[in-house]
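Each structure below appears as structure tokens.
Each of the next two complexes has subunit A plus one other chain: subunit B in the first, subunit C in the second.
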Partner chain A sequence: MSYIKSFIDFLSAPTISFTLLTVAFPFIFPPSDYFEKKNRQWGVYKLWTNAGGFWVFVLITLFFIVGYFDPHFNLTMTKPDNIPIILMIYSMYFLTWLGMKKAYANDERLDRGEKPEEWNDPDDKVLVWPDLVYIELIALILFMVALIVWSILIPAPLEEPANPAATPNPSKAPWYFLGLQEMLVYFDPWLAGIVFPMFIIFGMMAIPYMDVNKKGEGYYSFKERRVGYFIFMYGWLVLWVFLIIIGTFFRGPNWNFFGPFEWWDPHKVVPLTNVNLSEYVWVKLLNKGLPVNIIARESVGFVAVIGYLFIMPILLAKTKLKHLYDHYGPVRYATLMLFGLTMFALPIKMYLRWMFNLKYIVAIPEWFFNI
Partner chain B sequence: MAERKVIPKASINEGTGSDLDRKGFLSWLSIGWLAFVGATGGFFTVLIRFLFPNVLFEPPQSFKIGYPDDFTIGKVDTRFKKKHAVWVVRDEEGIYALSTVCTHLGCTPNWLEVEQKYKCPCHGSGFRKSGIHFEGPAPRPLERHAIYLAADGQIIVDKTKSFKWEKGEWEMSDSFLKI
Partner chain C sequence: MAKEEKKETLLQRLGESQVWKSIIRSGVPRNRRQRMYAVLGNVFLHLHPARLPKHAVKIGYTWCMGGLSFFLFVVLTITGILLMFYYRPTVEYAYTDIIDLTEQVPLGIMRELHRWGAHAMVLTVWLHMLRVFMTGSYKPPREFNWGVGVLLMTLTMFLSFTGYLLPWDQLAIWAVTVGTNMARAHPFIGHEGPGASLLAIGDINLVHMGSDVRFALLGGRFVGEATLLRFYVLHCIAVPFIAMIFMAVHFWRIRKDGGISGPL
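And now, the complex of A and B:
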């Protein structure tokens, strides 16, 4: 047992778990023919069958049962704050499973030339009142009951009065913000706290204007919009939900990383020395001092960021993504690239931090401008 | 005599009711607007007033922390963290006062004696004893506060002035008390 536990601890280190998830992701939600083939070949699609759903459910539950009897994980797991995350894991899995199951069923129907399951005869309509509103009312009442029962059974934790001189260690945001808090580990506050959340909101609002594919509208289908599925699911499940899980279960004192079965040692020492890109280039590579001029000092970083965000999409539009560009037109293409590349900047920055201890690509603390 | 038909008037109160002419309408409108602005303005004034506390138990911004000999060389003094939000550090050359506000997002880091660093519990920024940042996301070192000797030989820390390393201000005279 302890071997398994330390193996899980080892696996869950963000470097490893994040990499595993990222590598496995295209096989789970295949965005292209190649991955589709592998997906079928290895039977990954079985995840979305009844049996697959059941076994994953059993696996998650098994993990929590083992965790409950583990002295260390028990502490994190049974904290009233963290119960929503446990519920979230189950509900996220259930909803993804349900959606994918329906999408696959529809894909098969479409292959056979039938209409999707949700297709309705235009004459056969249901009324908002009373049909829909009644369902909503019942759902509302059930939900209220559940919330009340929950709040009685597990009282919300009350902590001591706020005191700016004493920050609890570790200091965690409310659970729905833990993804943001993880992003803050890698980015300057103005980026991770302001620009990225705004991009998330505006990006989601922009999706219907960028993705004008009429297929899959009003019914589940994976095959008809697999690239969209893949990108969205990666952003949602890996870059948001998974970061929340990391923040909840795997971050301990001093915001150090701890495996689920590890003891939260407040004195765990993780040797880390983060270095800015400018220092890497000027000091370590060229063996010179940092230039005094700020712009000259950060020029490499600026080139990297501008190249990534602006030059690369232009080059791609002429070469690999020409098809997409012609199809989308300049405005829509530029929007898609801006939002998409910003989203993928998060994992890129995470890896740069993990592998090269890179702190900031552009670091101008003098102007409060760091990227 | 031919019977005269009584034709009812078009409106019941015709003539008696106040007919609004253009001028009257405008003055009513302005009164209405004035009332509205007054009410909302009053509401927001009260609301904003509510944000400011009636009594402030704020410790003075500049305060005496004792004599230079009260501080051991090589030690970080955390006695003033709670009340004044400063660490007082003495090294071989002198004494400086570090602000306890993390330069990342403003949490309060902890001084870890064993590791000899200030470590922030929020996103894991780490600072050396001198306040220089070396790990985690904090983009700049902790700020230092003005520190000097009073006439009676006690040290005064003045939090209204702060010295930023990235601006080269740690060289300035009050950022450091030479002993």
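And now, the complex of A and C:
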């Protein structure tokens, strides 16, 4: 058992688990024919069958049962404020599974030339009174009963009275913001706490204007919208939900990583060996000191960031993504690239940090401008 | 004649009475026309159309998450009002009032209902968004309503966040300290944000610790008495008010954009 536990501890390190998820993701939500073929070949699509759903459910439950009886994970898991996360894991998984199952069923129907399952004769409608009203009433009552039972069984979290002099370690934001707090490991607060949240909000609002695919409206479907699905689900399930799980369960004192079955050692020492890009270039590569002029010092970083965000999309529009650019037009293409590239900047920075200990691409602490 | 009248049940007679008819003009909905009128003639029910396509009433399609989110908003409003009877937003009383809520107040699960309901609402809103994405319901003509929904989701999280501070325990002030610390790094208007030093007249900084956006949010340089009052007002009045306006737009636009999405 302890071997399995230390293996799970090893697996859940962000470097490992995030990589596994990212590598597996295109096979789970295949965005192209190649991945689609592999998905069929390796039977990944079975995740969305009854059996697949059942076994993943069993695995998650097994993890929580083992975790409950583990002295270390028990503390994290039964913390009253973490209960919604357990609910989140189950409900998010169950409903993603349900939606994908329905999507696959509809894909097959569409392949056979049939209408999707949701389709009905437009003249054959039901009355809201009583057909919808009683469903709403039942849903409402059941939900209220569940909420009351939950409230009776588990008292709301309340810790010691506020004490501005005693900072808890770790200090965590409310659970739904832990994805943002996790981003703070890789980006400065002005990005992780302000710019990225705004980009998430505006980027999500822009989704209907960026997704020009008219198909798949009003019914569950995957095949007709696979690229959109891939991008959205990656952002949603990996960059938001999964980071929340990491932030809740795997981040201990000093925001260090701890496996689920590890003890949260407040004295765990993690060497900080991160180096800025400018130091890499000027000191390590060119063997010079850092230039005094700030712009000159960070020129490489500026070139990298501007190149990534602005030059690369222009080059792509002329070469590989020409068809997309022609199809989308300049404004829509620019919007898609800005939001898309910003989203993928997060995993890119994560890997730069993990592989090269890169601290900042552009480091101007004088102006609080670090990227 | 008189004998036949007595055969009517009490309920039927109530349904025919002047009082009942003045309230619900359509009478007891027995036939198709009356049932449609029951929905059309009711201010709450007429959020719905009178008739729906069959898939729209299937829980497998809608997951009921949008409706439950709204229901939770109502539950949270009611429990929130009850909590306001007992809770005083001052550093002196806040924490002890919370203790009193469980120990002195009869049926003391109002705070539990409010707290767990708030967490549940964040979840149901997220799941509603997931459903809308998976069914492609954000596509034209519903683009605008998706945007309103994204704002509502943000407001839901902000509501939950402002409520987090009110118990005034360690969990509360430190979660809010961590959260609001982000504001000091706001570009231009946070004192540790890029560009803030550009906003200066001569060598006098306009954006400093006592004038930036974090100061405005907290009502001070750290999470304290003024913050508690500010978050209380935001939580109980300001944000619900804004959220209700957006909700009205959201529900109205569902109808105007062609009702619930479905395959053509």
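One rule holds in what follows: the second predicted complex is superposed on the first by the 344 of 371 C-alpha atoms of A that agree within 3 Å, B and C clash if a C-alpha of one lies under 4 Å from a C-alpha of the other, contacts with A are read in each partner's own complex, and residues count from 1 in each chain.
Going forward, a contact is a pair of C-beta atoms (placed from the backbone, for glycine too) under 8 Å apart; a residue touches a chain by one contact, two chains touch by 3 or more.
Note that the structure is predicted; figures quoted are calculated from it, not measured.
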Contacts of A:R112 with subunit B and subunit C, given as first, second, both or neither: neither
Touched partner set for A:A165, first subunit B, second subunit C, both or neither: first
Which superposed partner A:H323 touches (first subunit B, second subunit C, both, neither): neither
Touching partner for A:F187 - first (subunit B), second (subunit C), both, neither: first
Greater residue coverage of subunit A in the superposed arrangement, subunit B or subunit C: C
Contacts of A:Y219 with subunit B and subunit C, given as first, second, both or neither: second
Which superposed partner A:T273 touches (first subunit B, second subunit C, both, neither): first
Subunit B versus subunit C as contact partner of A:K284, first or second or both or neither: neither
Touched partner set for A:W150, first subunit B, second subunit C, both or neither: second
Footprint overlap on subunit A, comparing subunit B with subunit C: 164, 166-168, 171, 181, 188-189, 193, 368
Footprint of subunit A on subunit B - complex, ascending: 81-83, 85, 100, 104-105, 107-110, 112, 114-115, 119-124, 126, 134-137, 139-140, 166-167
Subunit C partner contacts - residues on subunit A that touch it in the complex: 81, 83-84, 87-88, 91-92, 95-96, 98-100, 102-103, 115-120, 122, 124-133, 135-136, 139-140, 143-144, 147-148, 150-152, 154-164, 166-168, 171-177, 180-181, 188-190, 192-195, 201, 204-205, 207-209, 211, 213-221, 225, 232, 236, 364, 367-369
Residues of subunit A that touch subunit B when the two form their complex: 164-171, 181, 184-189, 193, 253-256, 267, 269, 272-274, 359-360, 363, 365-366, 368, 370
Touching residues on subunit C, where the partner in the complex is subunit A: 29, 32, 35-36, 38-39, 45, 48-61, 63-64, 67-68, 71, 75, 91, 95, 98-99, 102, 109, 111-117, 119-120, 122-123, 126-127, 130-131, 133-140, 142-143, 146-147, 150-151, 154, 157, 160-161, 164, 167-175, 177-179, 181-187, 190, 192-197, 222-224, 261-264
